[in-house]
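Each of the next two complexes has chain A plus one more chain, namely chain B in the first and chain C in the second.
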Partner chain A sequence: MLGFTRAQAIGFVVMVAVIIIAPGVLYPVFLMKVLCFALFACAFNLLIGYVGLLSFGHAAYFGMGCYVAAWTAKNWGLSVELSILLGGLTGAGLGMVFGWLAIRRSGIYFAMITLALAQMVYFFCIQAPFTGGEDGIQQVPRPPLFGAVSLQSDMAMYWLVAGVFLLGFLLIHRIVHSPFGQVLKAIRENETRATSLGYRTDDYKWVAFVLSTFLAGIAGGTKALVFGIATLTDVHWTMHGEVVLMSLVGGLGTVFGPVVGALVLTAMENYLAEFGSWVTVTQGVIFVLCVVAFRRGLIGELGAALKLNL
Partner chain B sequence: MIMIFGKPLLLLYGQLTLGLINGAFYALLSLGLAVIFGLLNIINFAHGALFMLGAYVAWALLEYLDIGYWPALVLAPLIVGVFGVVLEKTLIQRLYKLDHLYGLLLTFGCALIIEGLARNEFGSSGMPYAIPEALRGPLDLGFMMLPAYRAWVVVAAAGMCLLTWLVIEKTRLGSTLRAATENAKLVQAFGVNVPRLITLTYGAGAALAAFAGVLAAPIYSVNPGMGSNFIISVFAVVVIGGMGSILGSIITGFGLGILEGLTKVYYPEASATVIFVVMVIVLLARPAGLFGKA
Partner chain C sequence: MNDTILETKGLTKEFGGFSAVNDVALRVRRGTIHALIGPNGAGKTTCFNLLTKFLQPTSGTIRFQGRDITRRQPAEVARLGLVRSFQISAVFLNLTALENVRLALQRVRGGSFDFWRSEEILHVYDGRARALLDEVGLGDCADTPAVTLSYGRKRALEIATTLALEPEMMLLDEPTAGMTHADVDRVVALIRRVRRGRTILMVEHNLSVVEGLCDTITVLTRGRVLAEGDYATVSANPEVVTAYLGTADA
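Let's turn to the complex of A and B:
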């Protein structure tokens, strides 16, 4: 089904089971944060893992998704699904322009350009009136789903977030296993060869970029409505650093890696929150360890040990 | 009062000097990035952190050892240079056979560690670093008064850029370096110890960043975020200039600093973003960068 291998299908069932059981054990708000970041990390992983493009500016799409969803929910009173969708479309719109610019260069230049463009968005958000500057957009209400189903309780919101995450996850899986996804992987392996086979690789990279930024915007919009707040932290490049780290810890280019990475790092941040700046140091140390000794990540290592493609 | 395009001349001069100073830092930092990239093929994300480290070392030398600005201007780059050598020997060296994106991720991690440790040790708020005695007070240029220290920063940075350019273009060491950038294997076959050359290059790049950091210490307060604020703009500078030529990095750095200063006078809202806008235009017109080879 959906191009899952057997091992992946089992993994998917386990993941869904965990999502259903978890709120009985852990705080729903914590779990919602994990799921939002998991979707964000999956979106990032779509680019680095399957197209080989290292974006360093995904915080811009995530953050703008946050702002737009929060703003429309608060000022226009839109229902939840429309706010989140608008957040996603904002990410995609921005991704269309930035992606079109950034794919003119490859490799590290691509990374630097996406980072610089994201920094531009950050400065824009500091100055633009609608973002509320340093204060951000606060006290965003949680409007009812489809204008009818109340989401005031955290559990109701949790099921919505879980649904959004699963839809996004399956969408990515569908993309990766479509003929389009096969071309993306061909570009990752050998772009010159893909060009010589007649594929317009720039167009493929661009579409993948837009899809990834769309999902990053969705993740941001969802997070803004869960916490009722959108701030400058969401557009800052450190936010991007976190999502890179999640994907790296879980395993770049694996199906479940970003999800596991998001769980591990969000949990770590929760426990380390009282130690202030040590969180940054720990993140840095994990970065270095992963790159030097542990490049396949948790899921990548597990998959290698079991000889499975997870 | 003399006006230029509806703005007071003195305001224009003031912002131009500020722009020139920022440009001096852009030039020094992008120069270091370009030299490191040329030989190591990695983008050194830790460059901003090394810049910050230079400022902190200068501050610590003064605070704990009572060593003043002038010795620090030599000592801090040396100390940070040695740190760079250690960093290269222990970590970065392991990555040369891998995709160069891993180099970016590794140095990003290093930057987080250095910045986080500085924040833990000294707090987020900045610490002042006094301007050295000899450079206090204004300098009368006839048409404007210029704080002597700012003039010194521009002169020192331009001098250091020139020196680096001379070393790379005109000395035997520089020609070996350029040859190794073109074809490391061939140079090694001629009996040059390329791994050592690479290590020293990284150390030199780190020292350049620290030199800029010491220069910056009296202007900005010494704080953990000072490097990362700069480095992203420097990345844009590097994309605009292209990493092909040393002289190109220097010209682009100074030019963009001045442009930023001018924007502060005529359209302050855009002053933070003007470099990125220029980057977009350059990407559209000349994707390889102004001085880059395609």
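Let's turn to the complex of A and C:
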């Protein structure tokens, strides 16, 4: 089915079932947050897991997606789907320029360039009038879907977010299992050999980068409309750190890892919030545990134990 | 002139003050197997890297099929039909043998930027890929991940992948390095079979392989061409013997 292996297909069905059942048990706004971060983490994982590119600046695309979606929904009164799409296109547009600059270098230099560019975006957001500086863009309305379907109730919004997430998830899956994805895998395995076969590897990396930033922008835009707010937190590099942690905890290069990682990390933030700064301490401990004890992440270790490609 | 497929003039590569390749004039005739030999550090691999554009020469020109390729990109040179293999066998380890070969076949269709399509469409290349694997004796491991293949078989897979591009000219960097006798014989037989209609330039240390296989031999030492000719001529050259074995009274 769709190029899923049997185990992945089962995983996918379970995931969809959980998405359908969960709002009956858990708070929908919490779940929407999880899904937005899950999409963001999947977008990040597309680069690190399947191309071997470690970006350090994905907060920029996510955050700008937030701002643009929030601003267009509030000031232009665009409908939800257009605002989110514009958020994604903003991410992709930035990604085109930043990727073009960063991909000329590899490894740690690539990571540093993406970080530097993302920091520039952050300072731009502090200064630019349209972002509202420290206040952010607040009280963003949730315009109706396609201008007709009201999203005022959280459940209605939840189904939209679930739909966006699933589309993004399937798009990534298709990208990985496409002729393009084959070349990406070849580049990850042995870039010199891919070049010697006649592939201009930089072009492929660039397209993958732009796709990833597009999805990061979509994730950001969706989150902004769920919470009705876009702030500096969304473009700050710590946001990127969070998504790295999610992918790592779930398992880099796995299909479901980033989703599980997003669930775990967001749950910790929400349910341990009463302990204040202990949340960050716990996160730190989990990060260390991950690196020391289970490097493949939760899903990665599970997959290895079951000898399945999850 | 027309039978020259690859020609370099004054090819030089300096690293700092050190000339790894110094004023090399190389002429490879179409349809021949040409060997590049020489002691360690003679500049053979650097020469390969220059020819396939993985390194930019400090000075000199490279012409392939009459075209100046001195300033081209490595991927472009591969598209023109000059394809190399590597000293350390270069395969895509976590892909199957079939996928390895298919990646080369897939390149011939042009850019593979269609991320919205299913990889199912690549199955059209399966037949040709299997035929190539059969040709190099890997027919039974099409669905095996390359990482589990033996060293000799990895090299065979690399050659199959290179062949899939139907290159005018193949550059093989030590195709038999580190192989057992049986594997060496297999690779030599393979090269004999695939040479038809192609030109091959190879770096090789194993002189018995060179003797049986190659039409022309160029000897490099310290980045310079020391001698050139067929095996008999070159092996009779006293300077070559000195370069390989040291001086007679040493």
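As a convention for this text, the second predicted complex is superposed on the first by the 310 of 310 C-alpha atoms of A that agree within 3 Å, B and C clash if a C-alpha of one lies under 4 Å from a C-alpha of the other, contacts with A are read in each partner's own complex, and residues count from 1 in each chain.
Keep in mind that, in the parts below, contacts are C-beta pairs under 8 Å (C-beta built on N, C-alpha and C of every residue); 3 or more make two chains touch, one makes a residue touch a chain.
These figures come from a predicted structure and were not determined experimentally.
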item	value
Clash or fit (per the criteria above) of chain B with chain C on chain A	fit
Partner chain in contact with A:211 - chain B first, chain C second, else both or neither	second
Which of chain B and chain C A:181 touches, first, second, both or neither	second
Most chain A residues touched (candidates chain B, chain C)	B
First, second, both or neither for A:295, with chain B first and chain C second	first
First (chain B), second (chain C), both or neither touched by A:89	neither
Chain A-centred angle between chain C and chain B, computed on Cα centres after superposition, in steps of 10 °	80
Which superposed partner A:280 touches (first chain B, second chain C, both, neither)	first
Partner chain(s) touched by A:264 [first = chain B, second = chain C, both, neither]	neither
Shortest span in Å between Cα atoms of chain B and of chain C, once chain A is used as the common reference	11
Residues of chain B that touch chain A when the two form their complex	37, 42-43, 91, 94-95, 98, 100-102, 104-106, 108-117, 119-120, 228, 232-233, 235-236, 238-239, 269, 272-273, 275-277, 279-280, 283-284, 287
Chain C - residues contacting chain A, complex	52, 54, 73-76, 78-79, 83-84, 86, 90-95, 99, 102-104, 106-107, 111-122, 161, 165
Of chain A, residues touching chain C in the complex	3, 174-175, 177-183, 185-186, 189-190, 192-201, 203-204, 207, 211
Sites on chain A touched by chain B in the complex	54, 56, 101, 104-105, 107-109, 111-113, 115-117, 119-120, 123-124, 126-127, 237, 241, 244, 248, 276-281, 283-288, 290-292, 295
